[in-house]
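As structure tokens, the structure follows; a few thoughts come after it.
Labels run A, B, C and D following the written order; every chain starts at residue 1.
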Amino acid sequence: MAGSAEAAASTSSRRTLARGPRRGLLAFLGRREVLPTVLIAPVLIFFIIWNTIPTLWLLGLSFYRFSLTSGRPPIYSGFYNFTSILNDSSTWFDLSRTFIFVVLAVGIETIAGVLLGLLFWGSERLPGRRVALTLLFAPMVVTPVAAGTFWRLIYDPTFGVLNWFIRSLGLPAVRFLSDANVAFGAVLAVDVWMWTPFMVLMMLAALASVPKAELEAAEIDRLTWFQRFRLVILYHGKFILMLGILLRTIDAFKTMDLIFDMTFGGPGTATQLIAISLFRSAFESFNMGSSSALAVVLLLISIAFTATFLYVLYLRERRTADA
Amino acid sequence: MSERVRESLYHALLWLVSLIFFAPVFWIALSSFKTAPQILAVPPLLFFRPTLANYARLLAEPAFQHHFFNSVALSVLAVLVAVAVSFLAAFAFSRFRPAATNFLMFLLLSIRMLPGSAAILPVYLMYVAFGWKDSFVGMTLFYAMFSIPFSVWILKGFIDGVSPRFDETGLVNGASWFSIITRLTLPQVFPGVVAALIFNFIFVWNEFLFNYIIGGINTSNIPVMLATGLSNGGGIDWTFLSSLTTVYILPPILMVYFFQRYLLVGMTFGTVRGEV
Amino acid sequence: METDPAAEVGAALAGRKQNRVGRRRLIQSSAALGAAVLACPRYAFSQSEKASPLAGKSIHMQILGVAGWLPSKLGVDMSPEFAKYAKDKYGYDVSFSFADAPFGTLFQKAATSLATRSQEYNIIISDSQWLGALATPKWIVQINDIIAKNPELNIKWWSPSIHSSYQVFPDGTNKLWGFPQVGDVYGIFIRKDILEGPGEADAFKAKYGRPLPTTWEAFEAMDYEDWTDFITFFNRPEKGYYGLAAQYSREYDAASCPTMSVMRSLGGDVWDPKTGQVQGILDTPSNAHAMELYKAWLKFQPPGATNYFIAEVIDAFTQGKVFAAWQWVATGATMIPASLKDKVIVVPPPSFKRADGSRVRNYIIGGQPWVINAFNDPEHMQVAIDFMKWWYLPETSHEYLMRGGMPCDYATCSRPDFDGINPWNRTYKYMLLRSSDFWHDPKYSEMLSDQQDAFTGYYTGQIKDPLHALQWVACQQQKILYDEGTAVKAPTGACAGIRL
Amino acid sequence: MSHIRFEGIGKSYRGRPALEMINLDVEPSSLTVFCGPPGSGKSVLMRILIGLEAPSAGRILSNGQDITRLTAAERSIGYVPQSFALFPHMSVFDNIAYPMMLQGVPRAEITSRVDQAAEMLRIRPLLSKRPSQLSGGEKQRAAIARGILKNADIFILDDPLVGLDFKLRESLMEDLKDMRTEIDATFLYVTADPLEALTMAEHLVVMDQGHLIEAGPVDTVYYDPTRLRAAELVGFPRCNILPGRLDMPGAICTTALGALQVSLQDGAAATETMVAIRPEDIAPAASDSAPLGVGEVTLVENLGSEAVVYVRFGETTLVTTISAGATAHVDLGDPFPFMIRPGAPIVFERESGWRIGRASPVLAGTRND
């Protein structure tokens, strides 16, 4: 250590504690008062350009009658767009269909995801585990446009694989996508196929957050399987699982590509979710005014979702803070 | 039943589940080696003489190369921009907790919750008004915007898990904030960064609607090519659809394979940092 | 099958660059223009007729058309011929590229681009019903003046419906907006090999007491009831094929076009274009009956036929799953692949018996016009006009016909060899005189969307009563048109409580 | 070397004060231990000195120069943070070299200095490992090496031994003291452990609830605390504190242990008092003299060289230490006759906690009234 003392003594700045202030723009940006703003600025800029401006635009336009194909300038119409949307029974049907879709899709995916997640939990010694999990997660990464179109073929009563199986069992072919009573379920099944792996992923992540010691303790305490699940796994994994459910809820609410390519919202209106009808009204009918109003309504619903999401999150933070 | 038999059965069950989920994807991939009548054959063909003609046709297509390039460039650039920007913001949110943190995080998330067709509408009008439609930069930045909320959320979770003592150690020793962010914090939240990159990559990679509406000839990606190119002579071009889909899902599937660990860790939003 | 539309997109990109370079070069070389023209005596001759201001320039044109749609593709495939022609006649270089989208989304693609006042697509192959939506915001060029200045574009058409379907909007004015690109009508494709199979004629005669129709004329004479028997007879699921495939899908206008064809053949209509009145015209018992008739045919069709649009009908027919297919004849080349060559006969779809005993065919027309982007700069505009002039040259028209296209001009259609060139040509000509378009209103797609909901709702069993479905559509459409100012009358009070 | 002066430092978080009016001089080249219970503000004070936080009031002078507004990077301080804060993505070597790399010390010199320090701290074989492969004590030593090797005028060790086992603490304390003699710099050492504070300190600063209670050479603070709280906080085992009542004319303080004769400081006066008696000042009474009282042994904690004995005397429990050799004679329940060293008890005014004087037991025989 003598060497270090000498080396230290040789540095000239040792007379005073201060090394002297740094100067320059970088130093200024690095100052504690400035830094957070600098760091958040890029996201803020993105946010203002791609979110605030369009949202204000949307809000403004929702009070106008404006059709892109009419060749006429927008006409102020007050709340007309809103009242006519809310008075239109099809809006309510589409919305309720969407909610049913969300509840069923997310519900089934969650239950299946939890069960499969538990099944895959002890799979460390599975030969080819990484390949198996990759295959399991594959549906998530298929382009929805392609998945939708191809499922149309798989479901096809004449050419489809699925109906071939059904027919070889001696049963009549099922008109999966063209029977108004079946189509909704068929579309739902594809969503379940596509997104259950995501819930499995979340469940595995949730299971990873459970401390091993507590599980061992639970085993020693001879808790039943269900008690262990409820008291230990759910207690620790709840947060991540909840996140998964909420992310899925959000995405299910937005479902469009997948269904659009399978049924175009039909037959009739059997699979017409709100995102599809909004797309139709905006980019098939080019009714920008009333579409904006519908978009505003959906924005409000989205905000309600978001608020729920955050409430759940902060509930957890508050609990940990209390503990 | 012996322990070994039980384990083998258990493993067989796991593989069965994986294969069931994979089956439709497999069916698409299998179809890509068939001729058009073979794809529609009843009963379905499981054994046949595979043809590579579909791929030969696809890969020789200049349009494929163009669209594929767009897909790669858009997703990679957008995701890199988004994660870089989100990382800085997440760091600020986590470390300095500025007054509006919660509100901003809330707003960011609400963008993600808006159905695509609602989000695209004003953006489309804005792009028309500003002349940004079908511009590569406009498209990239838009995708970046859409990737930001999720990235900020994941990364903030991870950065929250990194003790501020590390920053302080850096600060005391004279490191600049830039160095603290890039050399001390970034390597520690690497799984989160990878998870954010992959999830957003998959989103942009498969994105159709926005590309279709605010893109154009210069910027259209493979999903748009899939949607517009799938009809041929009034019919659906199944060979085209299956071969293009198969080629197109390879990159994300390889990512899932190679970065599986990070995906799992990433989805814990920073609550778990080790192996999953 | 050889494709692919997307290839042209890539080519378009390459072409655009070329175009940019071309323009730069053009400035540099414009001084040399005269010299270049004089240097070549062959051009000097053609130039002497009428000097083109574009001579020596290099122009790139982008065409937007229907994805995977043969007639659209032919327009593109033949464009090199125009390039040659333009070089010879006008002395400029032109190259083409092609962008496309399926029927259901082509208008989106065109409209989202045109709304930016972009000349991304210089020429667009538009579905006929969009004329109103494209013309009203003045996105496409009104062509009256062009025709006036270029008398060669004042063409005599084979049928009056060509003018009303592909050129005008709204009805009643003489404003012209499009040039017919392809005419299209419904026909029924029949598997001749099965029809003429051994014992079929006798069996049919034994069952129905009349001869089995096998000739075009025999089918021309058949009405809905005759057809019903005919298809019932050939509906043989046990042998792996069904009697018929037709269009019932929710996609685009799939269910609407055939349904409206039946409605109009029965004497009904869907609206009054003059007053914009829908209620009382669409929601009539006659139209409801039309829907029942069309739905009744579902029982001879493969399961899942309610999801059939053009593509599915093609698959079912070419894969031998159906005996006959109600289909747009423009798909002929795809409907009759090499494997079915000479095994298919294309005949007119049924006539319908009206109350007065007459048998009428009044069908919906298909087909697409060319329309010209109004934001084209003068050079591209000039090329577009030159292109149109070339397109209607007798040689071009004939070439188009020979390649499987369906021209609309009287001269070509009245060629003596016309009927024999393609199996569907005779039906095409016949039906062109018995088909016409609907709506053309700018609110087309919104009205269509509601109508498709209701029609497919009825065909798939979601809605039981066809009249109720029609009443709902009528209310929706009346409101759309009234809001837009097209309809004189507001929707009636009965609309308040009606729901699908 | 640096002379540091805190002038009226205050810090509050959302109106809640964490530090109030801290005035303190730290002598150059000294080793000053800051001691106090968790939340006493000692860490906050260090963070302010380091520049990680800005004070709400007051200023810091270094050799007379105001450094309050300088950033952490602009101050020359070596810092061993409370948790180890070893970068998990760097090797131990890189961790230790980190400050020197930032300072631009030549590579060769870094290597030799890291080697030297590692040798001394006995972590040389670990240099190429990752922190996650190290045990707690090894991590601690690596962190200390990183903090100490920097060229700095002041080194701050924020509770560096917390959470380590007894043996490790002992040996690390030795290491630190050795190092201290090698490096001619000012050391500030923060700890919540009174024993550690006493072991390490040359100067001791006692803090409590954001206030500076006592500061001075360690012996002074220990033997001569001016505040009751300082007596309570410094020392192990804990100090015996008994309420007392002071009768003025004779300056006799009545406590549970009996009467104490108080020699009052000039001008001091009080009625309600507290009397602090260090455990070592209570001793078993020699068999030949009369004890102050006889208690009963309730607990014996053997610390090896000595033992802590808890003695119940009436309502009070006294803590005392006896040498290990004497434990053989002490059993639970045994009577325990004890004495108090004259002059050892310190008397504080109960209300303010300020010292008013020292006391001696008044034995029956010696009471001179």
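The rule we apply is simple: a residue touches a chain if its C-beta (ideal position, glycine included) is under 8 Å from a C-beta of that chain, and two chains touch if they have at least 3 such contacts.
Source: prediction; values computed, not measured.
The fewest steps needed to get from chain C to chain D, moving only between touching chains, is 2.
With centres defined by CA atoms alone, the chain at the far end from chain C is D.
A separation of 41 Å divides the Cα centre of chain A from that of chain C. If you average the Cα atoms of chain A and of chain D, the two centres end up 54 Å apart. The distance from the centre of chain A to the centre of chain B, with each centre set as the mean of the Cα atoms, comes to 13 Å. Residue numbers of chain D whose C-beta contacts span two or more other chains: 71, 73, 75, 77.
Residue positions 40, 174, 176, 213, 227, 230, 236 of chain B are each in touch with at least two other chains.
Listed for chain C are residues 108, 112, 115, 312, 315, 319, each touching two or more other chains.
Only residues 163, 165-166, 168-169, 171-176, 179, 184, 187-188 of chain B touch chain D when the two sit together in their complex. For chain D in complex with chain B, the residues that touch the partner chain are 47, 50-52, 71-73, 75, 77-79, 81-83, 85, 87-89, 98-99, 102-103, 146, 150. Looking at the complex, you find that chain A touches chain C at residues 65, 67-71, 89-90, 93, 152, 156-159, 163, 172-181, 183, 263-270, 272, 280-281, 283-287. Note for the complex: chain B touches chain C at residues 36-37, 40, 57, 61-67, 124, 127-128, 131, 133-134, 212-214, 216-218, 220, 225, 227-237, 240. Put simply, chain C touches chain B in their complex at residues 1, 3-14, 16, 62, 67-70, 99-102, 105, 108-109, 112-113, 115-116, 118, 120, 310-312, 314-315, 318-319, 328, 330-331, 333-334.
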